[in-house]
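Letters A, B, C and D mark the chains as written, and numbering starts fresh at 1 in each.
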Amino acid sequence: MSITYLDAIREAQAKALADDPRVFIYGQDVGNFGGAFKATENLAKKFPGRVLDSPLSEDAIVGIAIGAAIEGARPIVEMQFADFSTVGFNQVVNQAATLYYRTGVPCPIVVRLPSGGTAGGGPFHSQSMEALYAHYPGLVVLTPATVEDAYSMLLGAVAIEDPVIFCEHKLLYYHLKAAGLPAEATPIGKARIARPGRDATIVTYSAMLHESLAAAEEIAADGFEIEVVDLRSVKPLDTDTILASVARTGRLLCVGEAFPWGGVCSEVIARVTAEGFGLLDAAPQRLNAKDTPVPYHPALWGTHRPTASAVAAAARQLLEV
Amino acid sequence: MSEVVKARHSAEPGDASENRKGREIVKAYRIMLAARVLEEKLAALYRAGKIKGGVFLGRGQEALSVSVGIHLRKGDIFAPLIRDQAGRMAFGDTILDTLRTYLGSSLGSMRGRDGNIHRGRPREGYYAMISHLGAMIPTVAGGLLARRLRGESGMVGATCLGDGGTSTGAFHEGLNAAAVEELPLVVAVANNQYAYSTPNSRQFACADLVDRAIGYGVAGHKVDGTDLAACLDVVGGAIAAARAGGGPQLIVADLLRLVGHGEHDDARYIDPELRRKNIGRDCLAVAGAFVIERGWATAEELAAWRDEVDTEVDDTANRVMREPEPDPAEEDWCAISTRSIEDNFA
Amino acid sequence: MSEVVKARHSAEPGDASENRKGREIVKAYRIMLAARVLEEKLAALYRAGKIKGGVFLGRGQEALSVSVGIHLRKGDIFAPLIRDQAGRMAFGDTILDTLRTYLGSSLGSMRGRDGNIHRGRPREGYYAMISHLGAMIPTVAGGLLARRLRGESGMVGATCLGDGGTSTGAFHEGLNAAAVEELPLVVAVANNQYAYSTPNSRQFACADLVDRAIGYGVAGHKVDGTDLAACLDVVGGAIAAARAGGGPQLIVADLLRLVGHGEHDDARYIDPELRRKNIGRDCLAVAGAFVIERGWATAEELAAWRDEVDTEVDDTANRVMREPEPDPAEEDWCAISTRSIEDNFA
Amino acid sequence: MSITYLDAIREAQAKALADDPRVFIYGQDVGNFGGAFKATENLAKKFPGRVLDSPLSEDAIVGIAIGAAIEGARPIVEMQFADFSTVGFNQVVNQAATLYYRTGVPCPIVVRLPSGGTAGGGPFHSQSMEALYAHYPGLVVLTPATVEDAYSMLLGAVAIEDPVIFCEHKLLYYHLKAAGLPAEATPIGKARIARPGRDATIVTYSAMLHESLAAAEEIAADGFEIEVVDLRSVKPLDTDTILASVARTGRLLCVGEAFPWGGVCSEVIARVTAEGFGLLDAAPQRLNAKDTPVPYHPALWGTHRPTASAVAAAARQLLEV
């Protein structure tokens, strides 16, 4: 049996619906059609009345989820693409994120964001929005990079009482496969050593984990062992695991697919330098997408985003310092 | 103004109907009065520099507001907006908690974290508005959807909005989505002719805001917002229709805000012509006169009721002003409920 | 279907009117045909794996789309949407630039940075849509406002939208603001009954989308989107009304999309009943039959026109496929025009 | 003559309207009323037909400004409060920010955001949104801290061809005063040494400049000279000026009023450590607001935001390392 990242997301939703009568799904085309990416395929049939097609109204979709959560439901909302969540942004950051702090009533919604670039996706179907949401207090922002995490973290997201922004990477949907689904969930908020090493640490998440692992593999041929940390969650950020890795390696490279200004990478570096300055043998570096909208043409896109070879080049430079 | 009401209750014998109506109107009037007295106190406290945050009052809008709150029941949802002191009190909010939030007592329902018009108790169906206008429409719709999904029926969710608020995308998306789901949502628009300083002529171009109802496929209701009996009747009818499965209801009440946008504002921009028209009448004075005229109470009784609230408001304010303010040292400064995954900033 | 058109042109002598109409319809038909042939080529290229990005076609929607583009003039603004290949070509877009963007040539108007349905040449009034539905409505309104502010008049701005797009806050806010400013904005809604897979029953609850016009105080127009003559007439009338100072115009055309949402989609969800109804007719076939029936052209001429476009499309595609793709090394990777203040990331 | 920060903003708009017929102002209550904060007072009268009240529609306001800019106009848009720009967020980040890159046509709009906290402002009238906008490629994000900058940078913002997010701090509107307005504009994108020093560098912007200057003054009594850098612009970020200062002092504290995750402070630290690691004698530190919504009660707000004494405490700690 082989299960994809997308299957894992579908299975997690099926399990959440089966286990918890408070769960329902709301979003564009999620019903009979099963969603633009088929992440909810067959769920409407299996759980009649609990997987609802919404109008083309992201702001209302999130607002409705929030109201439902106030009344004790556990809505899972699908944005057709992460990029369209800019239209529902206000409800997420100003209502979902503030509800618990203001009123003491938690807001257990999950907003699924099909994120990240794909060849030909272009400026409006490729964005990585984790930094925007992580900036606002009151949200939990998850960025699973593996099939197992996609499953267990989505279940974890539905289980907790707080609003979760669930950033799924579209590039992983079909290609990333695992033999099966995990029986036990890794706790939310814990990073993971995806590859142990001793010469440098690459901190990354989501699709960039795979570029980074490939880069580490490439560099291993030169005799360097790169440790790769998969953040899994960008808010909260597991600073302890990162610091422990940097303590072992003395060198840090952060890799993210998002735009460079103020993203996950700069946050990681700010934390590591504030708390682990003495651990660093070299200046911490970061590698992000270029500071332009995501270009549509695959040839441009391939340069706009960090690739394994760009990661390897950055890592080699770091090792040489 | 009694014509419509009479027609609606024509099945009852005249006297019984008249008495029932009298009791309802007197009850509503007394809530309006309490809201008015309380708001006058808030204005005085504002001028005295005692208030934390802003003061935005509902003077002139009490008839509509109370009509929404009074027709809701326990188990219903109410998301009041800026000018709904009367509706809030009709739905169960108290003089005490109102003063606590405005005066910044740590014992208030929002614990100093938010306050004033943003207060609420969501667990009791009393939603706490965010400032972004229109946002509460889908929120109430979602609350109703969740209730329906778990098998409940017979509930209603109501929210209020101003003329300006109807120009938001949130209003459109929320009302449209509620219409698709045929939810028992009531949206009461207080068309007070201005959004802050912006007159309706710069806000929309339709002949009447109620014309929007047909574009959503929902029932539309118009009412004279200065006329308590009419408001009680029309809003009551709309809420009953929603409760009975009639889907979303859009009410548009024409009225005038008789104060500034906030207490910092002298509302100089309001066309004085409007103040002289029917729309510029003070709904509380009109309702009081009506109550007296119908013989449901005497002028002396009305004055006594006012004194009663006056005393309660003053006493409560004095008490609340001695309550502690929130202590930042006691705050846990955590925005999520799952403490175990709180993010740590060194 | 000629009834309405005849009535409008009744002032002209019968023959002259008929000839003028014939020329207009034939001109429109040939653009529709070109769009159809070009889109068929795009579909074939998609299946052959030659396309960069997605392919979203307008099959079945050409009559409405061409009617918008054909009535616009140089100096007008047009913001086409997903399914407006016909309208784009009527407004001046070329087979060459279309193929360049779809095939990823660096010589295309968007230089590989964006493409396909997102292409445009804003400096020529041909706006480049962003994906977020509804967003182009205020954008076109703003373009018109700027033109008016600098003293221009007589221009029109048009944009298209689907049934689903009417549920966005942007549609509401944009149309409302345009109505307040009485801008010469035309919004043509292709009500193709589905937004991706979502049927209208899950999208809105009003009896007809055109009912929204009254809620904005704008003129509303309904038309059979499968009928070219009717579309030309109604859209032409709406555009003329806007041009003459009649303010925003909302057109709702009923039709069916005769392809998948994108070429990856088999559109299985479309109710087969609908396909059999009038709404499911192929507007190009209907228009062709009408042209022949009226004697404005023969079946042979129609076939020759198709061959002509076929050849041009094939030749252009072959030429474009030999053009260079954008070279990332030659890109300056700068998102602002003021290079002197570009931010530098080490 | 004494001119406030708010006056400066009004005067800059008056000058822009007078000098350039392409300029117009659009926003809620900006017309006869002169704006919620009176930043456009009398402008409608002085420039008839060019200062227009909009409906209560932030998304349309920005969309209309973009369309006008395409046609060659230079719209200045006022959001009533920065916080409400979340509702117009999509048009800013997805249309204004991408237009030039995608089409080659620039988008010269200015979006004025009355920003930052005030006593009693609460969660929805206090936000600092510069980091959100700076994250997106294609935007220029300015954060003037002085009367002079409010004036000259707003004129600069109208002059350039690119979309500018102009973050004005509400707390400075009435209290901050200057003797007059500058004749010459400081170029956009240049930071400024607001106070020279040698022992540590505080990098800050907007209202926090004044808290930082007060802290520096306080610490000067102990014999330490703190250099204070006023960023003025957060996108672009003048890394050179920051690095030059850190080269002099060896110590860096970044102070911002925004939420802590991924803001200006983490971006500054990431750049300094990447490019000036060797210049640092101690771990760079940052001080931000707390990671909760902005509380409404003044007593809570005073602790939520960094104050002069909190800045002084953080700076003292940094000096002791």
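The criterion applied here is as follows: contacts are C-beta pairs under 8 Å (C-beta built on N, C-alpha and C of every residue); 3 or more make two chains touch, one makes a residue touch a chain.
Bear in mind the structure is a predicted one, so any value in this text is a computation, not a measurement.
Trainee: Would you mind checking which chain's C-alpha centre is most distant from the centre of chain D?
Mentor: C
Trainee: Report the inter-chain centroid distance for chain B and chain D in whole angstrom, where each centroid is the mean of the CA atoms.
Mentor: Comparing mean C-alpha positions, chain D is 37 Å from chain B.
Trainee: Nearest whole angstrom, what separates the Cα centre of chain A from the Cα centre of chain B?
Mentor: Distance between chain centres, rounded to whole Å: 41 Å.
Trainee: Give, as an integer number of Å, the spacing between the C-alpha centres of chain D and chain A.
Mentor: Taking the mean C-alpha position of each chain, the two centres sit 30 Å apart.
Trainee: What residues in chain B touch two or more of the other chains?
Mentor: In chain B, 110, 113-114, 118, 130-132, 167-170, 173, 176-177, 180, 202-204, 334-335, 343, 345 touch at least two other chains.
Trainee: Where in chain A do residues touch at least two different other chains?
Mentor: 54-55, 57, 59, 83, 86-87, 90, 94, 97-98, 101-102, 123-124, 137-138, 235, 237, 261, 271, 274-275, 290-293
Trainee: May I ask you to sort the chain touch graph into line, ring, star, complete or other?
Mentor: Complete.
Trainee: Which residues of chain A touch chain B in their complex?
Mentor: 21-22, 24, 49-50, 54-55, 57-73, 75, 90-91, 94-95, 97-106, 137-140, 160-162, 188-189, 233, 235-237, 239, 271, 274-275
Trainee: Which part of chain A faces chain C closely enough to touch in the complex?
Mentor: Residue positions touching the partner: 28-29, 31-33, 36, 53-57, 59, 81, 83-84, 86-87, 119-125, 260-261, 288, 290-293, 295-300, 302-304.
Trainee: Show which residues of chain D lie in contact with chain A when the two form their complex.
Mentor: Residues in contact with chain A: 83, 86-87, 89-90, 93-94, 97-98, 101-102, 123-124, 131-132, 134-138, 235, 237, 258-259, 261-267, 269-271, 273-278, 280, 282-286, 290-293.
Trainee: Please output the residues of chain B touching chain D within their complex, sorted ascending.
Mentor: 51-54, 104, 110, 112-116, 118, 130-133, 164-165, 167-170, 195-198, 202-204, 269, 325-329, 331, 333-335, 343, 345
Trainee: Residue numbers of chain C touching chain B in their complex, please.
Mentor: Those residues of chain C that touch chain B are 167-173, 176-177, 179-180, 182, 201-207, 211-218, 247.
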